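Below you'll find the structures, each written out as C-alpha cells.
Presented sequentially are two complexes of chain A, the first with chain B as partner and the second with chain C.
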Partner chain A sequence: MPVSLLDTTLGMAVRMSTPYLFAALGGLLAQRSGVYNFALEGMMLGGAYFGYFFTLLTGNLLLGILGAVIFGLLSGWLLAFISIRFGVSQMVVGLGMNTLFMGLTSFCSRLLSNSRDGSALNLDRLIGNIISGPAAEIPVIGSVLCSQNLMTYLIIALFVFYAWFTRRTEYGLALRAVGENPAASQTAGINVFRYRYLSVIISGALAALGGAYLTLTQVSRFSENMTNGRGWIAIAAICLGRWSPAGTFFSCLLFGLASAASNQIQVLNIGIPYQFALMVPYILAILALVSIQGKSSHGPAALGKPYMKNR
Partner chain B sequence: MPQEILRFEQVSKFFPGVVANDKVDLTIYKGEIHSLLGENGAGKSTLMNILYGLYKADGGQIYYEGRPVSILSPNDALKHGIGMIHQHFMLIPNFTVWENVTLGQKMEGSPVLPVTQLKQKVQEIAGQLHMNIDVNQLVGELSVGVQQKVEILKAIYRGARLLILDEPTSVLTPQESEELFVTLDRLKGDGCTIIFISHKLNEVMSISDRVSVLRDGHLIETRDKEGCTPAMMTALMVGRDVNLAIEKKPCIPGEVALEVRDLCAAGETHASTLKHISFQVRAGEIVGIAGVDGNGQGALSNAIAGIQKPESGTVLFRGEDVTAENVRRRNERKFSYIPADRRGEGLTLDFKLFENIALTQYYKEPCSKKGLLNFRGMRERAAAYMKDFNVKAPNTEAEARNLSGGNQQKLVLAREILKRPDILLVVQPTWGLDIGACEFVYQKIVEERDRGAAVLLISTDLEEVRNLSDRLLVLFEGQIMGEVDPAVARVEDIGQLMAGSQIQQ
Partner chain C sequence: MKKKSFFAVTMSITLLLTLLAGCSDPGAGSGGGPSGGDSAGQTGGEASRLKVAWICDGVLTDGGWNTNGYEGMQKLAEEYDLEVSYQENVPQTDVGDVLRNYASEGYDMVLSNEQYHCEPMVEVAADFPNVTFGCVNAYVSAENMIAFSGTLWQHNYLAGVMSGMVTKSNKLGLITFSTDSDSALTYLSSFRAGAQSVNPDIEVVHVATGSFSDLAAGKEMATSLIDQGCDVVYCNSGDCNATVMELCIERGVYTISAIVDRNGMSDEYVLGSTVNLPSTQLRMMVEGKLSGTHTGNVTPIVGGIEDGIEAFLVNESLQDKLDASVFEAIDEATAEIIAGNVTVELP
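For the complex of A and B:
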C-alpha cells in the first residue's frame, strides 16, 4: 500500500509534537506546583546536546539518554534552587538559564567539532521505530503508528500517568494544592518546598528528554540553537490546554501538525515563500493564545508567586 | 474544678523592632470557650500562631494536657488535636469540599485515594455537626459563611479537639455569625475546647466563658465573663477610657451633590456586579452603604471615582453628568476618594510622605510652577497637612511604607479632606486600625459632613456604618436591597437585607 501525503504528514506531525509533549508535560508539572519553568527552551537545548554528546562518547544510546536526564535534573534543580529557595522572579531566572544553556551548548559543540573531523560527528545509530508488520496495514493510523519510536510512546504513557496521578492520588492532590494555595497546603501539613522542588527538577528532566529526542531520533547530530523556540511553543501549549493534561496533549499535537504542515509546504513548493511556512506554528501559537484570552482561567492560583515561609 | 488543657508560660515572640508577645501566661480549661480580646497588633494572632506551629516562640514554654510540648508545624499541632481557622480561609477555591477537607491527610498503605469512602466520611462528619454541605461542590462556589463551615469541618476531620478561631466573624453577616455561634456551642457540647480571637466586644460577651485581654503584647487580665461589662473590657483593651459613640449634630441635608442613576458596572463575580443601582447623596449628609464584602462595593466605588467605566447608567456630580470624565476631571470637581486599600490605592508606599501628599495635586500650585515641580511648595504643604492631621512621622521625607496603618490612613485623609471636597467617597476607612485611630477617622468624617460635604461611606463594618450614617442603604449581590434609618433600624433587619431577603414585617 503506497504511503499517501496524508499519512506522511500525520506521521510527521506526531514526530514533531513529541518534543513539544515532553517539554509541555515538564512545564505543566512545574506550573501545577506553582512555579513557571521558563527555562524549558534552554533545558531542551541542553538535553539535545548532552544526549548527543554522551551517545557519541560511549556509543550507547541508553547512556546518552541517561546523560540528558542527568543534565535535566541538574538544571531543574538549579532553577528550583534559585526561584524557590530565594524567591527570585521566575521569569528572570528562566530567561537567564535559557541564555546560559544556549551559550554553554554552542561553546561545547564548537569545542567538539574542532576536535574531530566532520564525519565523526554523526551518530551511527538512532533510536528506531518499534511497531512494524501487520499494524502498518491499518488505514491512515497504521503508517503513523509504525513511524514512531519508543520515546513517543513513552511520553503518551507519561501523560496518562500524570492525569491519573494528579486526580487520583494523595500526592497528586497535594501537588495541585501547593500550586493553588501554598499557605493553606502548609497548614494542611504538606511540605510545599519538597513538592515544588521535585516538580521543577522532574520538569527539567522531561524538557531535556524532549531535546534529546531531536538529536537521538531525528537528526543524529547537534547544531547550535536547534530547538528553535520549541520550549516556548510548549509553554503556549500549556496555556492553550488550560492546564489540563488532555488539553495540553492535544495542543501539542496541534502545534506538531502545524510544524509538519510548515515542512510540507516547503517540500511541496506550492508557491508560498518558505519564510511564511516557517512562521506557521508561531502564528498559530499567538492566535491560539489570543483566542482564549478573557475566558476564565484554570491556571493554578498561586502560579508564579514565590512562597516564602514566614518564620 | 475545671481541668486545664493548655498553658502558656512566659511565652515571648519578637519581630524586628516589635515585641509581639511579652512573657504571656495563659491557661485554657478543657471544654470552655475562651476569648482573646485585644486591638490590632495586641499580639492575639501571634500567640495563637505560635500555638499552631506557624511561628516559633523566642522564649517560654507551652504545656498541653500538663506536658511540655514543642509544636514546630501545623502538623505537630494537629497531632495534639489543635486546629486553627484563620481569618483568611486556608481553602482552595478550585478544589471540591471533600478535597479541601482531606487534603494532606496521609493514607494508610497505597497513596491512591479511596474517593468514595473519603466523600462518605466527610459527609458523615458534616451531618454530625448539622452542616448542610454538598461535599462535591467546588469551595469557590460556596458563600463565605459555608466556606467557614468547611474550615471547621476540615479541622474536626483532622481530629481537632481544641479549635482556634481567628476573627471568625469579620467576614460574616450577623445571621451567619449567629449560626457560627450555634455551631461553636454544639462543638463545646461535644467536649471541644474553643479559643476565640476577636476585637468585637458584643460577640465576646455573648459567646465566651472566660475572656483574656491582650494589649501591646502583654496579657493584661483573664476574667470570667460573669461580672464583666463591655466598658470594663474596652478600658482593659485600650488602656484608657474611650468613647466610640459618635456625637453628631442633627443632619441638615442640602442639595443633591452626588447621584447615581441606573448604574451597571462589572465586578469580578456575578455577585459583585452592579445591577441598575440608583441613589442620591445630599450635601451635609452621610449615606452609608452596608453589605458583606464582595457584593459590588468595589465596582460602585470604582465607578464613582472614575477608575472603572460603567456598562450603563450615569454618575452625576451636582447635577452634571461625569460618567465619561476621567479621574482628574472628577477631582477638579471637588471630589475626594478615600479607597479601601490604602496601601495599594491610597498611597504609593515607596514614595516619600510629601510626594504622597502631592499625588492628586502635583500639577497645580503650590506643588508645581509652569510645569516644573516645586519641591519646596510640596514639602511645606505636606508639613502643614501632617501637623494638622497629627500624622506621626519623623519628617516629610520618610517613606509611606514605614508608617503604621493608622498614620498611613491619616495621611490619605489629610490629602483628601484638606482640599475641602464637596463630595467625599470613603471606603472601609477604619479597616485594620486601632481604636484611637478609628476615633480620629470618625471625627473627621463627621466634621466634613457638618461642613456641608456629601459623604458616601461604603463599609462592611456594620457597626461603623450604622453609627456614622444618616441614611443607610444595603447592598446585596450588586443591588440595593433597601434603605433604613440607622438610628432606629434593628441589626437583625439590616442583617436580613445583607443576606438578600426583604425585611419581614
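For the complex of A and C:
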C-alpha cells in the first residue's frame, strides 16, 4: 500500500536527523565549554561499532547501548586529555582521532567478520518503535511523532534538559562562563578544567549514541565508514544554530529533511541529476556556514583557545 | 618536551591502527606467501602435479564471492590432485609483488579471484612467459593469461522477467551506487527489458545511494521506493544489499539478491539471486591448463548463463507459492537467451 509522500518524507526526516541531533548536542556542549570536538565523526563511528559489537556479543540491546556510551566516554576523555591537559591544537587532535577510530572500527569489524560467517553478523532485533497501532496511522503526526523509537524521544528530552541547564542553573551559567572567559571564571572560583573535561567527556558519549542509533535502531549490522560524514554535518548544524539549543535542534531537523529530500527527489524522478540530489545536505551545510558569516552572534569567545592555568 | 613526545606517540598509534585496518589478521586457510604458503595437498608428490596459487582481495569467510572461489579451488585441488597455495587479503598495492613471488617460486598457474588484480597481472605475466596466469572477471588480459568475464546483463534480464511476472503495482525499484555509470545502466536496461518482455506496462524506478557503506541511507532509499508503490526492490550497492533485503522482507515486498546467493533469507519474499560465480571461471582456467587446450587469451572471453559464468538462482521455496507461469516464463527466457534471440540495448 503506497504511503503518502508527505508522511514518508517527514518520518524519514526525523529518522535521519536523530543521529545529527545526538552528535550536535555533544558538539554543542563541548563548544560551550570552549573546546572544539572535531572528532564527532570518529566517535559516532566508534559508537556505531561498539554498540553493535556488544549487542552481538551479549544479545542485549541495553548492554550494547552501554558499550557505546563507555566507548564514547573513553574517547571523550582521550580528546579532553590531549586538548585540555596538553593544550594541543583541537583541530589536529580531532582530525587525528577521526582517523584513529576509522582505522580501529574497520580493523575490529574485519576481525569480527573473519571469525564468523556472514549470517552470524546480524543483530536479532533492534530497538523498535514504542507507539504502534492506530496512533501511528494518523497522517503527519503518526509518521513524525509516533513512528519513532526511544532514542529519538531521548534526544529531544536531552535538548530540553540542556536548554534548561545552561540557562537556568548555576552550573550551566558557570559552563558558559568557562567558554567565554576562562581566566575570569578561574578568578571567580570556577574550576575551568573540571567543566571542560566533563563537557568533552559527555560530548563523546552523546556522539557515540548518535552512531549507535544507526546500528541499533536502523540497520542491525556494521559497515566500514557507515556514518558517512554525519559528524561533520552535526558541526555545521551547531554553527547554523548559532550555538543555541533551539537553533541547533532545528538546524539538525533541516539537515534531516534535506537528506530525506535527496532520497525523494530521486524516487519521484523529477529530472534532477542524482549527484545533485545526493549533494543537497552538503550544499545546505555550506550555504548555512556562509550565511552566518559576519552576523553578530558568534560562538563562545574562548572557543578553540587552550587554557593554561599558570600562563 | 614531555608534551611533544606524548603527542608523537599518540599520532604514531593512530597511524599504526590505520595501517592495521588494511592488513587484518588472515583467517584459516591462508598462507603468508609462497614460502609460508598453506599447501592443500601432501608434500613431495610426483613431478607432474600442477602447482597453483590462488589469491583474493578480502577474506575467505565473506560468505559470498571469495568463499565461492575458495571452495571451488578446494574442489579442483581434490579432483585433479593439485598443490594449491591460498592467500587472502591481498591489497591492490601488493598484488604485483605477490604474483611475482608465486611465479618465481615455480608455480605453474597463478590465479586471482579479484577483477581489479587483472592490470598488475598483465604486467607480471609479461615477465613469466612459462607461467599461466588467470583472473576472474578480468577486463584486460595477456598471451599467457586466461581471462573470463560475465555479460553483466543475462542474469539481470532473468531477474527482470521474474519481477515482471510477480509485480501487482507494475512498479519495480532498482538501487545502485550511481545511476549513470556503465555498469549501473547495464543493470537498469537489462532488468527493465526483462520485466517489459512479460509486461510492457512496467516502470522501473532507478535510484542511487552514492555510498556502498551508508546502510541507513540505503534503507531509507528502499523505504521511499516501497512507500511510492514499488513491490519488487532490487539493490546492488555493496554492503547496503542485505539491509535493503531485510527491509523488504519486513515490509512484505519482493526482493532480489545481487552478487551473492541470499535465497535463504526468506522463503516468501526473496525471488532469487543474480550471481556471477568465480568457481565456474576458475574451473575453466584449471581444466584448460591441465588439458593444454587453453593457456591464454589476449582479450577476455565473455560468457553468460549458458557457460555458468552467470546465473539467476530462483528461490526454490517459492516453487509451490507462485503460479507455474512465473517459472515457465523464466525457462522460456533462459532458452531464448541461449538461442541468441534476446538483445538488450547496452550503454
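By our rule, the second predicted complex is superposed on the first by the 295 of 311 C-alpha atoms of A that agree within 3 Å, B and C clash if a C-alpha of one lies under 4 Å from a C-alpha of the other, contacts with A are read in each partner's own complex, and residues count from 1 in each chain.
Everything that follows uses one rule, which is that a residue touches a chain if its C-beta (ideal position, glycine included) is under 8 Å from a C-beta of that chain, and two chains touch if they have at least 3 such contacts.
Everything numeric here is computed off the predicted structure, so don't read it as measured data.
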Superposed partners chain B and chain C on chain A - clash or fit: fit
Touched partner set for A:214, first chain B, second chain C, both or neither: second
Partner chain(s) touched by A:183 [first = chain B, second = chain C, both, neither]: first
Partner chain(s) touched by A:226 [first = chain B, second = chain C, both, neither]: second
For chain A as apex, the angle formed with chain B and chain C - C-alpha centres, to the nearest 10 degrees: 130
Touched partner set for A:168, first chain B, second chain C, both or neither: first
Touch count on chain A, higher of chain B and chain C: C
CA minimum distance (chain B, chain C), superposed complexes, angstrom: 17
Interface residues, chain A side, partner chain B - complex: 168-171, 173-174, 176-177, 180-181, 183-190, 298, 301, 310-311
Residue ranges of chain C in contact with chain A within the complex: 3, 6-7, 10-11, 13-15, 17-21, 24-27, 59, 61-64, 169, 178-180, 205, 207-208, 210-217, 219-221, 223-225, 227-229, 238-239, 242-243, 246, 264
Residue ranges of chain B touching chain A (in the complex, touch as defined): 52, 54-56, 73-75, 78, 84, 86, 89-95, 99, 102-107, 111-113, 115, 154
Sites on chain A touched by chain C in the complex: 2-3, 5, 7-8, 12, 15-16, 19, 82, 86-88, 96-97, 99-100, 102-104, 106-107, 110-111, 113-119, 122, 214, 218-221, 223-228, 259-260, 263-264, 266-269, 273-275, 278
